[in-house]
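Several structures are given next for inspection.
Each of the two complexes below includes subunit A, the first together with subunit B, the second together with subunit C.
Let's look at the complex of A and B:
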């Protein structure tokens, strides 16, 4: 009994710790202006929606969300397509020096973004892609690919070789094996990767700040960071905007979480 | 339908040699079985035929076509995997139908074929289930069905009946035999079950240490094992081996644990050179009968174990310090620890050279 209570207490503690910042933001976003800077902070008794309204009324926030949505979705799709095809080859096909290829791929993701941002900026500028969605999509895809390839390779490796062999015997071309057998069997991996890549692209700040300059391609984190004016920091609006853009992520994770069930390959082979 | 020809095929995994110099022809329409101890490379041979494993060296032909570089789907083989390898996300129906779908066969034909195969294998009422909802034996039958629905050049079957109960196994064995008679498709089979190998195969190859130890009809392999290994491997329970020595050359007499085997039975005594030293005398348990009364037997033994096998008993005896497995009538009154008598059938012995392990008699 005590053990159980202790366990739940611990769970509550961890949950509170993790969701603390979000709860704080929600609380802040609902406060009227005069309560924002009160110390110690209070939970407001007169919740208001003015900040939410002003985020959308006085700023091009819908356009910003669209930018982010397009960039993150395109990155996710691109990263999944390229990533899963590479992962399939690396996991199942007879390729020499697989380990080195995989290691090399992974090492790409180890460069700190700050080290690559200036050369990338020059490239983007020369290509005439500054302040476009494409600039971000391309950059994010390259940065998320190693992770995608790595996760998906491990998921594909989990699928017994015999299933791959059986499909070859039954007359599948490699591409048919890929989409008829491998993809359906690694749906959890696909969704896991999709969520991670999407969140990465949704939240990325440094490249977005460097490559964008106007509303036409600016993404959410940059836009929010640019909310503060010369004389004042609109804490309420920042909080409201943060809450709004967090919601899609939460919905996404909860929606896909159901799909991330293990044991899809059970029953395939003996034992 | 095709003849499969191996020419000096060598297979190594990294530096471990699995198959050393395999040269063999599996005839068009033949039912050919590979047997051998676990890990001797049987599955590897099937994978090589299927094109799933490349060979390290050597050539493989289907009829006159060199297939070394042909992909599995161009070889047109159907395979039952030792581990089944079903598609877990597809129903039993879709698993069995899959090879036909890949060939773009019409839905109507697919439906008929799947139903036919399913009823043949007793899977009729579980077509809509997923593999994970099946028992091991049912999964194995789905794996079999997925192969049998095709009419390929070659069937490859890796222990396709290993997980079925005794009755079903014998039923399926009969079905496979019938099917093979009907279709006459070259079939390469792997099994651990001696009886299965004997009853199905036209020829058997015994593999050990990367080589074919013997290749022949089931009867040949059983009655004339090429060497001590084959003698001990084929037949269950295994053959008894007793050390023997050449007592005299003219006339030829062999001493076998105290009894003398007469010369009359050996048609070609020159094979037995006295100076070559030891011989190994092999005799199958089913050829030695133990009884409790003296007049029937010649050799006195002590009984150490009696194992009833239904219509008869297996009996372990001790004969001058060596152990031997024999048979006895089911009704006989044999008890552990008592003495009994065996009739040692001289004409049934198989004589091997101790040093080379090769069979000397019968030739």
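Let's look at the complex of A and C:
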């Protein structure tokens, strides 16, 4: 009994450690300004939505959310299309230098973003793509490709080769096999990949900071990092904005916890 | 039956990877041998000048020192805490699913959001941390505390990732081994040291690889939390490179710093992958 209580106490401690800071941020977002500087800090006695309203009314936050949503969705779709095509080929078809290609893909995922940001900035500027969605979509698609290819290859590999051969004999072209058989069979894998790529693009900061300059393409992380304060830091508004952009992710985590864990561990444990 | 060639299918991926990662890496090496000032359209080949300057640049050595310190301390802490959480949660109990979802929260919170969240927690006058400790520590303003505040935040943010991977690793260990050890009279600590740790070693190495790489190239977390201050005590290599590139607009020297980060990351990867392949053999 004591052992069991001790165990649950430890679990509670872990839960508090993991969720505490976010809960505190939620509390902060609901406090009227005068409560922010009260000592001792209170959870809140007069909850208010004033910070939420001002984030949307006095700042272009809706547009910024739109930027992030478009960039993250397009990246996810593109990364899945390009990634699943290559994963299919790597798992089921004949590819020369397969090991070399897989190694190359893996090493790209280790590239430090700072090492490519200066040339990419020059290229994007010369192409006239500064401060556009497209610049971010192309960059994010590329940097999420290793992840997509890696997870999806693992998924496709689990589908038996016999299905591929049988479909070939029945007259399917490889491309037909890909979208008529392989894709429907690996929907869970595609879903997992989609969640991870979406979260990656939603949260990315360095490229977004460098390539965007105005509200027309600025994404959420940049907006939150550069949150302007005229006289003092608007803690309440920052908290409100943080909560708004974090809640969708928390919903994803609670709804698809198993899938996310599967995606994160795919490859790491097996290979 | 012979398999068809899949070259067509893989071509788009290789093309975009080549254009957006390989080509820029060559470009950044090229830039690193130039003096390039973007605003004045100046571009001049200067050979190894940037690299020679780097060797004498105190700020570079300071950034390297900060990065190494940040990486080693935060990765060790993450491994220790992550392993404890993994061992704790690797059994069946009520609410296990919900617990694991909660553990993933810090991983899902955008890094920038987490930095601003902690900035408020660390606030000297009104922060909850100082209130809880009954202290008046200037977490982000004091050269000693700032780097540790950044480490603490990073540990909070990335421990879940470590824990999740380690739990997956723990689940692969056959239950029979534990039972056999118990029958033989082994205590919990002995079981942990003699069975769990050795069998977990490959996955620990993978976790260390991922985490070391991420910590070494850290940018957003620390940049948003402290901006590299106070007095450059939290300026990591990526932050220094970013500032040289986009605040002073020296693309040549900035690229030299980027190349150095690239080479460091490369060596770290090679080191771990060698360790890993040794383990597998």
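Keep this in mind: the second predicted complex is superposed on the first by the 227 of 271 C-alpha atoms of A that agree within 3 Å, B and C clash if a C-alpha of one lies under 4 Å from a C-alpha of the other, contacts with A are read in each partner's own complex, and residues count from 1 in each chain.
By our rule, contacts are C-beta pairs under 8 Å (C-beta built on N, C-alpha and C of every residue); 3 or more make two chains touch, one makes a residue touch a chain.
Computed from a prediction, not measured in an experiment: that's the story for all the values here.
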{"item": "Which superposed partner A:95 touches (first subunit B, second subunit C, both, neither)", "value": "second"}
{"item": "Partner chain(s) touched by A:70 [first = subunit B, second = subunit C, both, neither]", "value": "neither"}
{"item": "Subunit B versus subunit C as contact partner of A:105, first or second or both or neither", "value": "second"}
{"item": "Residues of subunit A touched, compared between subunit B and subunit C (which is higher)", "value": "C"}
{"item": "Which of subunit B and subunit C A:50 touches, first, second, both or neither", "value": "neither"}
{"item": "Subunit B versus subunit C as contact partner of A:36, first or second or both or neither", "value": "second"}
{"item": "Touched partner set for A:86, first subunit B, second subunit C, both or neither", "value": "second"}
{"item": "Partner chain in contact with A:162 - subunit B first, subunit C second, else both or neither", "value": "first"}
{"item": "Subunit B versus subunit C as contact partner of A:149, first or second or both or neither", "value": "second"}
{"item": "Touched partner set for A:250, first subunit B, second subunit C, both or neither", "value": "second"}
{"item": "Overlap of the subunit B and subunit C footprints on subunit A, listed as residue numbers", "value": "94, 165, 168-169, 264-265, 268-269"}
{"item": "Residue ranges of subunit A touching subunit C (in the complex, touch as defined)", "value": "7-8, 10-11, 14-15, 17-19, 21-22, 24-25, 28, 36-41, 82-83, 85-86, 88-90, 92-96, 101, 104-105, 107-108, 110-123, 138-139, 141-143, 145, 149, 165, 168-169, 174, 178, 199, 202-203, 205-206, 210, 220-222, 224-225, 227, 235, 238-239, 242, 245-246, 249-250, 252-254, 257, 260-261, 264-265, 268-269"}
{"item": "For the subunit C and subunit A complex, residues of the former touching the latter", "value": "1-10, 12-14, 16-17, 19-21, 23-25, 27-28, 31, 38, 85, 88-89, 93, 97-118, 120-121, 125-126, 128, 131, 156, 160-161, 164-165, 168-169, 172, 203, 206-207, 210, 213, 216-217, 219-220, 223-224, 237-238, 241-242, 245-246, 251, 254-255, 258-259, 261-262, 265-266, 269"}
{"item": "Interfacial residue positions of subunit B with respect to subunit A in the complex", "value": "47, 50-52, 54, 71-73, 77-79, 81-89, 98-99, 102-103, 130-134, 136, 139, 146, 163"}
{"item": "Sites on subunit A touched by subunit B in the complex", "value": "94, 160, 162-163, 165-173, 176, 181, 184-185, 264-271"}
